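Next, two complexes with chain A in common: one pairs it with chain B, the other with chain C.
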Partner chain A sequence: MNKEKIVEVLIHNIREVLPEMDEYSFQSEDTLSDLGADSVDRAEIINLMLEELSLRIPRVELAGVSNLGELVEVLHGKLQSA
Partner chain B sequence: MVSAGIEAINIFGGTAYLDVMQLVKHRSLDTTRFENLLMKEKAVALPYEDPVTFGVNAAKPIVDSLTEVEKNRIELLITCTESGIDFGKSLSTYIHHYLGLSRNCRLFEIKQACYSGTAGYQMALNFILSQASPGAKALVIASDISRFLAAEGGDALSEDWSYSEPSAGAGAVAVLVGENPLVLQADVGANGYYGYEVMDTCRPVPDSEAGDADLSLMSYLDCCEQTYLEYKRRVPEADYRSTFHYLAFHTPFGGMVKGAHRTMMRKIAKAKNDDIEADFNERVKPGMIYCQRVGNIMGATLLLSLASTIDNVRVDSPKRIGCFSYGSGCCSEFFSGVVMPQGLEHQRRFGLQRGLDERYRLSLDEYEAIFKGNRTVRFGTRNLKLDHEWIPGITNAFGGRLYLNEISEFHRKYVWI
Partner chain C sequence: MGNFNRPDILVSGVGVTASIGQGKNAYWSALMSGHSAFHFLQRPGRQKESRFIGSEISAISASDAISSKLFRKASLSGQVSLVTLHEAWVDAKLDLADPSRIGLIIGGSNVQQREMAQIFETYHERAEFVPPSYGLSFMDSDLCGLCTEQFGIQGLAYTVGGASASGQLAVIQATQAVLSGQVDICIALGAMMDLSYLELQALRALGAMGTDRYADHPELACRPFDQNRDGFIYGESCAALVIERAATVKCRQVKPYAAVTGCALKMDANRNPNPSLAGEVHIIQNVLQQAGLSATEVDYLNPHGSGSPIGDETELRAIRDCGLSHVKLNTTKSITGHGLTAAGAVEIVTTLLQMRESRLHPSKNLENPLDPGLNWVGDQSIPFGITNALSLSFGFGGMNTAICLQNI
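== the complex of A and B ==
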């Protein structure tokens, strides 16, 4: 899966958890906290990403990721090495 | 093989509590966010309450319900805590004294963050199952008090940590383990455990704690899944949805449990959203009722959720409860037991809900005053005399409870009021 597709899946999942983001234009510097996601929301978005990308990795490996751009990079890297 | 499990369970959810939403508004935190986190009340330790008084007050009604002969068969007393008051001397020594237990009894303490209560319970079960001392009983007391003030300085480990204040509680759960497990019969060998090194939350200095909320939640979710998969490897016929009539979770706050249950149901049971909500209300909510009124009591939280489940469901036939325990750092376990109808009758005598209903509701000024002006007893206090009349009349409102009276050359002295 290429990065563009991962971005698409990510935006879909963020909107799934945070419906108020429906019209928002996402930037790679945005953090999930800035977008209004609390710790439970953030974990839910990560869960949905792992499920949809069929990635079987410990969630703790994604805990330190700071923004959306970095999250896409890390997920892409994990998919390459999976 | 002899059966083993819980003969009695009792909780102590504090003398005083604070309304969580009142605190959230006062701290100018986002109230809608907190509604999703499903917190209601938090128990607050008064200056003259410590993990010893909480532990004794949880265990005393159980000990009082025993005959002298039964009481003298308590040969193992394990305290489970991350709020120890001494690096060497364990809480169990004080608790043993104030409960008046037999001297032919092992006394020690277990630490592994919020997993400690489970560690203690499992060790007690194994002591009974080993039959090294047939007929003996074990008393497991998990007791923890929050030191919610975040460790100052640093960044990653204290970021977002102000959000933990509303969830941080104080409380204790006492469990009598023996061969006559009327309340919960353990499923022997049905245990999935899972642990590894991670720096999610910790108490690296006295009287304070630090943590990374995201890392901790991710680790909790990883463990929730891995412990169940290991349980299922050992019990192949287990089915996440149908084997367990109820599920008790380690409950730092309700929203976290709701998220974990949703993840497990979607991933393991392949359930859809509407279905998950109904399942949550039926199987998980009973275990959250008391947790929402006491707050996170760390090592005692899973046992509190178990007690809440047992106390808030109708049991007309044996029902299996699945329990998930997680302690930062980390170690975790999924295990199960069967609650018996006759055990519930036995349990009712402890009036768990009444104990919570009768607590004193603190005003915000009283709450803030506890943590100002050195009212809190710090770790390592050498000499101190406690003022029980700081909030007039509060200790006299309840019969037969233990409170800290003074500290004399580090030795804590307690008094029954």
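== the complex of A and C ==
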């Protein structure tokens, strides 16, 4: 899966958990917290990403990620090495 | 359970959601006309090589005052709790009360079984992707979390489990919390029990739930106290009541529904579902003693009346043995179905609405009453002024509860 597709899946999942983001134009510097996601929302979004990408990795491997761009990079890297 | 200073403990607000209607006005209209909503259960997770008769809540309408995010993330039982509590909250004008002195007691345990069964069906072979929010929602206390966040309740909140007596148990505990001074105002909520096909099948196999004898006419299946009953028929429901002392009710200029003049709880020391005449007689006598009433002063009784073959028979014997054969009786579950954990609270709200309106709802499918000598309301509602009412609930595991209410 290429990065563009991962971005597409990520935006879909953020909107699934946060419907109020329906019209929002996402930037790679955005953080989930800035977008209004609480700790449960963040866990749900990450879970949906891992499920859709069929990535079976410990959540702790995503601990250092600080924004959406980095999240896409890390997920893409994991997919490459999976 | 003493310490009642009659009529100091009042019910100042109510909310109700059932298959026959959301909100007390819609509920009341359906109740009076005897419009039930029995069919074969449709909700996902309730069918598997088997089908069951029951009644389900249709689409729930949530006020704009309820956080759309909280509502969206809540389980069905959670959503129903939020809208039902909101109605009671507004009814009792609780926005005018100090939230640090308000408590919430939710009656019911394991109330989200259907959603758990669905999680299992979807994720049992890929557990690593189970939704993280399940870590919150699998606990009944999630309902406390949802409701306290929505309404800012800070006094206390916890759940109490007592099988089919849970709703009434919550009212008893809320009354105790106010009597003891733990909080000034306490809301009791009988939570909607969300059954999956597994619980439905087990309850049927246990002989507690009715059969599909009336498969061609589901509306005839639920028939408490009728000779042809063969078990309870499930019905989704939820109710909330606001309990407080007269002094705080007066501060907010709320018109109370009634006084709670007695609460009784007695265990039979019996794990099984079978009832106990001695236990039932005990709580009736105990609650009358607390209320300072003789049996002749009670004019209406809302029975547990689940439609259980042995349960209904035992309850009528207890009513006769306690000298209550003169009271007016009707069968709420014949219209709503049996809400299990919610039933006790729903039936107290039903009693309060009847008290306020001076009218009793009909009993459906009571074609050949077990005891025709009792004072049953038939298939039409009737005008009737209630002064003192009793409401009874019984739960598996030998739990008997009774509440006495007085018109004020």
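Criterion: the second predicted complex is superposed on the first by the 82 of 82 C-alpha atoms of A that agree within 3 Å, B and C clash if a C-alpha of one lies under 4 Å from a C-alpha of the other, contacts with A are read in each partner's own complex, and residues count from 1 in each chain.
Convention: contacts are C-beta pairs under 8 Å (C-beta built on N, C-alpha and C of every residue); 3 or more make two chains touch, one makes a residue touch a chain.
Please read all numbers here as calculations on a predicted model, not as lab measurements.
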item: Partner chain(s) touched by A:P19 [first = chain B, second = chain C, both, neither]; value: second
item: Chain B versus chain C as contact partner of A:G64, first or second or both or neither; value: first
item: More chain A residues in contact [chain B versus chain C]; value: B
item: Partner chain(s) touched by A:R56 [first = chain B, second = chain C, both, neither]; value: second
item: Touching partner for A:N47 - first (chain B), second (chain C), both, neither; value: both
item: Contacts on chain A seen with chain B and repeated with chain C across the two complexes; value: 40, 43-44, 47, 51
item: Interface residues, chain A side, partner chain B - complex; value: 33, 38-40, 42-44, 46-47, 51, 58-60, 62-64
item: Contacting residues of chain B [partner chain A, same complex]; value: 33, 36-37, 156, 160, 163, 198, 212-215, 217-219, 221-222, 255-256, 258-259, 262-263, 266-267
item: Chain C-touching residues of chain A, taken from the complex the two chains share; value: 19, 40, 43-44, 47, 50-51, 56
item: Chain C - residues contacting chain A, complex; value: 72-73, 126, 128-129, 131-133, 136
